[in-house]
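Before anything else, here is the set of structures, which you'll find just below.
Shared between the two complexes below is chain A, which has chain B as its partner in the first and chain C in the second.
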Partner chain A sequence: MDFLQLGSYTFSSHLILGTGKFSSATVMLEAVRASGAQLVTVALRRFNRDQPADDLFSPLRAVPGITLMPNTSGASTAAEAVRAANIARELSGSPFIKVEIHPNPQHLMPDPIETFEACRILAKEGFLVMPYIAADPVLAKRLEEVGCASVMPLGSAIGSGQGLATVEMLNIIIRESNIPVIVDAGLRSPSEAALAMEMGCGAVLVNSAVAVSDNPPAMAEAFAEAVSAGRKAFKAGLMSKSSLAIATSPLTAFLGAKV
Partner chain B sequence: MTSLPDWLTYNRDSATLAAMLDSSLSTSLESLATESRDLTLRRFGRTMTLYAPLYLSNFCSSGCAYCGFASDRKTPRRRLEPDELRRELSAMKQLGITDILLLTGERTHNADFDYLLRSVDIAAHEMQRISVESFPMSIKEYRALADSGCTAITIYQETYNRERYENLHRWGPKKDFIERLETPARALEGGMKTVGLGVLLGLSDPREDALNLYRHVRYLGRTYWRAGISVSFPRLRPQTGGYEPPFPVDDHSLARMIFAFRIALPDVELVLSTRESAAYRDGMAGLGITRMSIESRTTVGGYHDLDNNEKGQFDVFDDRSAQEFCNAMRAKNIEPVFKNWEPAYNGPADGNSTILHPVKLQPCL
Partner chain C sequence: MITIELNGKQQIVPPGSAVTDLLSIIGSDEKSVAIVVNDEIIRPDKRSAHRLLEGDRVEILIFAGGG
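== the complex of A and B ==
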């Protein structure tokens, strides 16, 4: 069996689902079930203990077989993210924390400096730290060094649906990484998720593409199948893409020639 | 007379918006609506974030010709004392509200900065997210508000036409056009995470005001790169004093403006209040607007004192209950979101950053 290993946790599904942006908690739960996801992320700011109808956390906790990964979306500094992570662990009991730090609440671009600092602290505090980052190979290694359970580089801007715009950087991150690389943000179609998995990603995280679809449960299932197919293809080993043309007059004919 | 800032007359990036706002050009309202809907859906999903206004005080020192609380109106004046404020907050919590906008008039000795700060402090213990729409303050005062749990300041320029502005604001501190114009920047320097901008539609040429509003948004975004910015589209409503808007904005023009702003600013929160009708708000949900007020009472004490027949700052148009409003959103496949913030993120935007950047960025025009 091929597992996604995050810290001491293993998951047979390689699809992680985001839970914002859905038209209702009911539709979101149907999509979670249809996706077969075993790890789902939910923003701490969408926890609402006072009002069950507005709360995303409690209905998710009631779904058997899934592990919750709270996220710090809304935090703009390391200090805020660390504070949020501790509240989230207290409320959810989950050791996972998806570190999302956006200095500007509009662009939703992750701040590498604050993210690094928050991850360093949270990993020391025993969290399974899953940082959302720009597709930066050096930052990915720095985060691995401080003990993150994975790195989650963006495929393209959140909610942009531009797919794997960062493919060159993702390939380097995957090649160099000893921890799972999870593409987070930007995926629009199942084929893009399959491609990410074929490239060697450990998992993909999808939210908008499913939530905004006309039929979120069906789209969630389509992503699950694509992720599974992409993963199998990666494990089986893709045929080489190289189609080297051989020059008619060999360029290396001089090698070993008699002098 | 202080001259206008460069950014207000600079049109580097407002040409596209100008074209979209021009109804005589070929871009049809329907094609703008489609583009606006798609962008909104991708970026914000099928959700609508809700908030409610809470009037702390209707004392005022200014004479805005269009306002029901202007200092020459006969409206009874009062302010909420701490116990009344707690009752008001408790009544709002019963409605499910977690995100509130605290309002006062212009600065007076009856409702001054200390009063506002105390009120923010009380509200921050009860609610998840606090914004303030009040008088212009100093950077130091904004920082104190941010420290007490206020995350956003709403401050409308009302109109960017200086001549009209000075005529409409007949007396009082609000008469100073430049002072008002510089206020959002001061709020951000004071560590506010978000500023809400807007023009009061009906006061002046709406196209000119929309373009200047956009320039203001872009200027603030380039200078204060961490800043969240939201844009509101308030249309003048009937109010005490009977002011007739000289530049009425019809439904189609307002829709065009909202779509154009969404396309020009895909990530910015766009706000529509209960000044608009239920049908108009329902129609706009999902097409560009991402934040709406609900259950608005525009009187001081309007939530816990339901027998209050006083006239508010303006007449609310969409007077549906939270439940009715939520049902209408759900029927449109949109989730109403009451809590979309976490107090763990309160505090000045630059206050606890890992590495401080004391250098203020200078816009390159």
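== the complex of A and C ==
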């Protein structure tokens, strides 16, 4: 069996699903089940008595085999992210934390300096730290060195659907990393998820592509199949590229050949 | 009555109210919230004993959808 290893946790699914932007909790839960995802992200929000349906804790807990990975969205500094992580762990009962520090809502690019500092502290405190980062090989290595469980470079901007715009940098990160590389953000289609897995990613994290599709459970299933296919292809070993044609059939002339 | 700050807004509660009393007042499910009083996380087993005081800053947080 081919597992995704994160700290001492193992997952048979290589697809991580986000829970934002769904039209309802019911649709989101159907998509989670259809995806086969075992790791699911959630965000911390203030309780609002006028919107009790916002609370996803109990509905998600009712899905067997799910581990919650809260994010620190809303934090704009390392200190805020560390505080959010500690509050989230209290509620999730899970050591996983997705460190997400993006100070500018226009592009949502992660702050590398604050992210690094938060990860350094949280890894020391025993969290399984999953940082959302730009596709920066140097930063990815530094995060591995301070004890992160994975690195999660963006394929393109959050929610943009621009796919694997960072493919060259992702290839370098994958080549250099000793921890799982998880493409997080920007994916639009299952084929992009398959490509990320063929490149050697340990997993992909998808949210918008599933949540805003016309049929989220069906799209979740499509992503699951693509991730599985891409992973199998990576494990099987892709053939090398050649600038020349290499025949697959014998080229011996026989039609019209003189005997 | 005393006034506390709940999620950034003023909230009136009876004197001597515990955190669990506040949760009852606002109709919150105790199992699905994290509670922070004056920057200190109040764990579930401490909530019934933790009395609120005038001016306390209380944050009640839930898990909502997020990527």
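The definition used in the following text is that the second predicted complex is superposed on the first by the 234 of 259 C-alpha atoms of A that agree within 3 Å, B and C clash if a C-alpha of one lies under 4 Å from a C-alpha of the other, contacts with A are read in each partner's own complex, and residues count from 1 in each chain.
We adopt the following convention: a residue touches a chain if its C-beta (ideal position, glycine included) is under 8 Å from a C-beta of that chain, and two chains touch if they have at least 3 such contacts.
Because the structure is predicted, anything quoted here is derived from the model rather than measured.
In the superposition on chain A, contact of A:Leu44 is made with both chain B and chain C. Applying the stated contact rule after C-alpha superposition, one finds that A:Phe57 touches chain C and leaves chain B untouched. Using the contact criterion defined above for the overlaid structures, shared-chain residue A:Gly20 touches chain B and also reaches chain C.
Using the contact criterion defined above for the overlaid structures, shared-chain residue A:Gly161 touches chain B, although it does not reach chain C.
Within the superposed three-chain model, A:Ser208 lies in touch with chain B and with chain C [touch as defined at top].
By the touch criterion defined above, A:Leu91 lies against chain C but remains apart from chain B after alignment on the C-alpha atoms of chain A. Counting contacts by the rule stated earlier, residues 20-22, 44-48, 54, 83, 87, 158-159, 207-208 of chain A appear in both its interface with chain B and its interface with chain C. Chain A contributes residues 20-25, 44-48, 50-51, 53-54, 74-80, 83-84, 87, 103-108, 113-114, 117, 158-161, 207-208, 211-212 to its touches with chain B in the complex.
Note for the complex: chain B touches chain A at residues 41-47, 93, 96, 98, 193-194, 225-229, 267-269, 330, 333-342, 344-345, 347, 349, 351-355.
Residues 18-22, 28, 41-49, 52, 54-58, 60, 68, 70-71, 73, 83, 86-88, 90-92, 158-159, 185, 205, 207-208 of chain A touch chain C in their complex.
For chain C in complex with chain A, the touching residues are 7-8, 26-29, 31-34, 36, 39, 41, 43, 59-67.
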